[in-house]
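So, here's a batch of structures to check.
The same chain A turns up in both complexes below, where it pairs with chain B and then with chain C.
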Partner chain A sequence: MTTDVGLTDVRTQGPPKRRRTRAQRDRLFAYGMLTPTLAAVGLLMAYPIYIAINLSFRGGEIADLQNLGQYPLTLGNYVDVITDPKLLGDIWRSIVYTVGVVVPAFAIGLGLALLLNKTFPGKRIVRPLALLPWAVPGVAVAAAFSWMLDGSFGVINYLLRSVGLIDANVAWLANADTAMTAVIIPTVWKFYPFFTLVLVAALQAIPSDQYEAARIDGAGPWQQFRYVTWPALRAPSALAIVITGVGVFREFDFIFPLTGGGPDDATTTLAVRIYNEAFEYFTFGASAAIGVVTMVIAGALLLAAGRSVREGMN
Partner chain B sequence: MSTLTRKRTPQQWGLLAISIAVLTVLLFPVYWMVMTSVVPSRELLTSSPPLVPPADSASFDAYGEVLESRPIGLWLWNSTLVTLGTALISIVISTLGGYSLSRFRTKAQQAMGFTLLFSRMLPGTLLIIPVFVIFASAGMINNLWSVILVNVAATVPFTTWLMKGFVDGIPSEIEEAAMIDGCGRLRTLWQVIVPLLRPGLATTFTYACILAWGDFLFARTLMPNPSDWTITVGIASFIGEFSVDWSGLMAAGIMSMVPMLILFVFLEPFLVKGMASGSVKG
Partner chain C sequence: MIALHRKSRRVLATAATAVLLAAASACGPSTEDGKLVLEFPSWQADDESFSPFWHELIDAYEDEHPDVEIDFYQVPFDSFVAQQTTRFAAGDPPDIVHLPSSNAVEFAARGWLAPIDDRLAGTDVLEEWTPLQEQMKWDGRYYGLLLLGYGYALFYNEQLLADAGVPVPETPEQLLTAARAVSEQQGDSFGFGATTVQNPDNYTELTSFLVGNGGSWSEPDGRITAESADARTALEQYRQVLATAPAGIQSQQRNELFLNGQIAMLIDGPFLLSEVDSAAPEVREHLKVTAPPFEVVPGGVSNSLHLAAGSEPEVADAVWEFVELASQPRWQERYTQLTGVPAPREGSVTEQALSETPELELFARLADEAVDIFPESPQLRRNYGRVGDAVASAAIRLLATDQPVERVAQSLQRDLEGVGDDD
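Our next item is the complex of A and B:
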């Protein structure tokens, strides 16, 4: 009797019930495995953002960062920051720096990827060498370029003088007109390999019979690029441009060691301003407010690029 | 012989020539660092420096001098600890997370792509104030673990996404078969999936190493004590000096590059494959 009841139980309620618990167990497992990731992101990203936002609304002379509650809540930092005419300059310089880095880095990266997608002797050695700057620490890159761009003894001045492009030495990093170019060049050098890496991978995914078909249809090299290569590169390019772009927008490691934001604020981007407000002038509230403004701007740019990113990620 | 001549057309030698020309320009900064490090400072401080090391005065003295005058060895060791710690923790976390994102449809999955990009756009200079506060209240300033943890947090969103791409490339029938054979989920992951993920693990490891080794901002903020500096903080400390010893600085720069270059040359083939099957595909 009891077994009978048990059997009907299993037949009528058992299977759906068992499936539900299996699904629940799966979900538990899925989130369990994800917990370390979420903890890392939450503890060291979400919580710091919360503190930064909290800080940006605090007035007074903030000295005790561990007990923010004692300082009055205010919008003063935002009013100061937004009405400060310097802010527009910082935003503009951040955009100039970002575009100035991403465009040449993408062009070099694409050119190299097309080259490395061909077959030629020695390619196995050429490829890691071409990608090598990616592995060099940003600070070492900054050190190398601060020497190469040196106003008196830098080799770049020497080479440019030798070929007759300039008559007298240029103090690249100390001159407000050239400083931005001087910090862009090392950043491009560090970032182009990422584009090459992504684009080489995308090129390898193009089936070679597509090129054959195009050749049979009489397509020349340009038309092959236009109708076979480029369509395959568009989505990964867009994603790589956005990832690099948002990264460069808040980049700090090149500008700070090279110029510290000078001369005369010529290389002060938002990232550098945030740092200087906090660690040179100790105006933490203003620093955090600029940081929040920066996040909002970057977020807006990200949303504007949203469609191409979604295409690239799927 | 015949296959060789058939394979190597004049056009291919032309491509090699182009590659060499391009590499000459692109790698000039590295060449110039090496060149500077082996030429004595006084010969460099002229308006027309030698473009190749003069045979009679080239030497590796600058390396010895900089190793004596600064604790480069110690800084390199600190960097190594931070880098290995970050890479190993990141690998474990992102393998678990990537597997979960690939195999289970949860709300977290959709949020993760956004989190990845969001984490990229956060200004590090904004985060370091709160991060400093957190580690100060935990009494972890001048503690290598604080730098490791921050670097893990900075790496994990991207590497998790990368690992998800690699797990996507493994058919789920493989683990279903293992589970039917009575293998638990975690054991299946460890014994069946992880061995197949080797290219992904190599990619994640390389990426995390390069990021952690290159970190300057977090280490600079969380490690005020010079004997706890990493190599990047150490190098940055002599860029701004009144009279820079360029030979010594370049020698230190090269010593900071070499470990990553070795790692990179070994793992680079995985990297291209990894990107192809990983997150950034068309």
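Our next item is the complex of A and C:
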């Protein structure tokens, strides 16, 4: 009887509906839930990248970013940017700034991580204080350092004069010889806590019996660091260096408020040049082309560094 | 994992997508309670000297136009041009466009501003305005109403000059002698105050010396003259005078040092007067102002009002009525009285304003005599950002290096000749 009713239903209602399997339903549900995220990522990342690339290939005096199609397609922006003798200088300064920040920030971060991994009185107070710079916005850091580095009344000049290291005030931000160092210092101050955070976490993951075994084998502090600590820190260090390096390579928050890229281009990195081309000179196409070049350089660095991270992990 | 009922899952997924789509399609209304709302961003909305004038003007306008509301709000000056550039390029300009006048031509040249010749023809602005209104012209058409044009003045500390035994300078040579004499005195006093880090102010300060000596960066036909005798003289004077200035400071720090009584002289526009009034009484009594120590009075255009190109006719008309109201004699007089700087309309300095601010007489005279420091050449004007940067770089080379003036002039000549090559 049940079969008859079923057959009758099939005959009267036409061909049977293809029912989705549970796996298909789950997949559909998953895509449904992912849609907002995918749309957000598409809007926030992919679309701006598409616009930047599209813009970089547009010629003429671009004044309407909403209707880029009205401007002719050209390679002119890339030709101008790549043949501009200033580009090499911008790349070089970006590299100097990145290395100048990452190396000392890593060294300070590592030293502090090793210290914070020990037990000492006041550790509970020192630990958050040491990590505090990470929470301060870059522009606020730049504002504070611009007063500290002030050429006439800055506290840094006062301290250096007090201990006899300089005779006369130094215009740190106005002198082409000192400006790069002057923008590197606050950036190091801001970025070293990230290394500390990553490395403290890695240090705490090292089993104490490894140190005990090393000590039994007669290893001194340096050998313990070299053969126990460092192998465990290599992979997280490489990862932290890559992340920080790429971030610093395109950093803008410190340089622009402190020097605006000056004096006489001494601190003009790729990020500052991109800003100037767009907002000072209104050459949006050239700005986008430099942005794409920067993206390619940062991507290449990321790929190269990614390899060393993988090697470190192995 | 908690298993959701199939129907609930579908509803949840659909709702999440719908929320996103709804958010993406949302857009702000241009009217509020049936009123037309005009957006008016400005760096002067919170400015102590200028905001009282704007608020009074806006109140008067809204009284006359009960169906229109003006949304007047502050945008910091440091990021103002960048923000407006982004908005115009994205096709979302404000309704009432307030710009630093040095950038107005750049905006007009990119088609972002509406020409207002027809509207000006129905007013007396072109007859009654300062000649500096011509700086609002691009390609033969007017693109804005100048709100402030001025001549630079020499602000000085009478006591510091007297202590150094030097008179108030009337020539560039006397300026240098006086600045050196003050700097050689004991204590933390400086002969001259200027912006000594790279900054757009380097352009105005260095170019004041150039225009003051009768020079300019270019001929009207666009030929660059950075290596001319006048230019080299100005570069040399600037270098020598700025050697007596505090190193590594911005204009705000410069002003603070002047108000503290630590800087003997500086050259600035009349708007500095309102800050001078805030100095401590024992310093204020020694702070004076006079004509700049140059043959020619260097001057500039400060800020201006504009209409965005492509505005709805209803919006454009409402904005123009606001601009026109600002140009009325009554409001020009009020501007002068409230801000302490002469408004651009002829006869805006009233007896009452003069009695409150006697310096207005000097400022009005300087504004009448002023020769604009912004370049005449159209190519340089439409690329003011690059010109400003090139001149600021030259200023920094003079300040922070030992490069001979001839070499600085030579590289500036090359830089300025390269401006606009990529257009």
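Rule of thumb we're sticking to: the second predicted complex is superposed on the first by the 272 of 314 C-alpha atoms of A that agree within 3 Å, B and C clash if a C-alpha of one lies under 4 Å from a C-alpha of the other, contacts with A are read in each partner's own complex, and residues count from 1 in each chain.
One rule holds in what follows: a contact is a pair of C-beta atoms (placed from the backbone, for glycine too) under 8 Å apart; a residue touches a chain by one contact, two chains touch by 3 or more.
Owing to the predicted nature of the structure, the values given are computational and were not obtained by experimental measurement.
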Comparison of chain B and chain C by chain A residues contacted: B
Which superposed partner A:V200 touches (first chain B, second chain C, both, neither): first
Partner chain in contact with A:L114 - chain B first, chain C second, else both or neither: neither
First, second, both or neither for A:A286, with chain B first and chain C second: second
Chain B versus chain C as contact partner of A:M33, first or second or both or neither: both
Which of chain B and chain C A:V96 touches, first, second, both or neither: neither
Which superposed partner A:L43 touches (first chain B, second chain C, both, neither): both
Touching partner for A:S152 - first (chain B), second (chain C), both, neither: both
Which of chain B and chain C A:A278 touches, first, second, both or neither: both
Which of chain B and chain C A:M180 touches, first, second, both or neither: neither
Touching both chain B and chain C, residues of chain A: 29, 32-33, 36, 40, 43, 65-66, 152-153, 169, 260, 275, 278, 284
Contact set on chain B toward chain A in their complex: 8, 12-13, 15-16, 18-19, 22-23, 26-27, 29-30, 32-33, 36, 44-49, 51, 92-94, 96-97, 99-101, 103-104, 106, 108, 112-113, 115, 117-127, 129-134, 136-137, 149-150, 152-154, 156-157, 160, 185, 210, 213-214, 216-217, 231-233, 235-236, 239-240, 244, 246, 249-250, 252-253, 256-257, 260-261, 263-265, 268, 271-276, 278-282
Chain A contact footprint on chain C (complex, rising order): 6, 9-10, 12-14, 16-17, 19-20, 24, 81-82, 85-86, 88-91, 106, 109-112, 196-199, 246-249, 253, 257, 383, 385-386, 388-389, 392-393, 396-397, 399-401, 422-423
Of chain A, residues touching chain C in the complex: 25, 29, 32-33, 35-36, 39-40, 43, 61-67, 80, 149-154, 169, 171-176, 259-265, 275-276, 278-284, 286
Residue ranges of chain A in contact with chain B within the complex: 26-27, 29-34, 36-38, 40-41, 43-45, 47-52, 55, 65-66, 108, 111-112, 115, 118-123, 126-148, 152-153, 155, 158, 169, 189, 197-198, 200-202, 204-205, 232-236, 239-240, 242-243, 246-247, 249-250, 252-253, 257-258, 260, 270-272, 274-275, 278, 284, 287-288, 291-292, 294-295, 298-299, 302, 309, 312-313
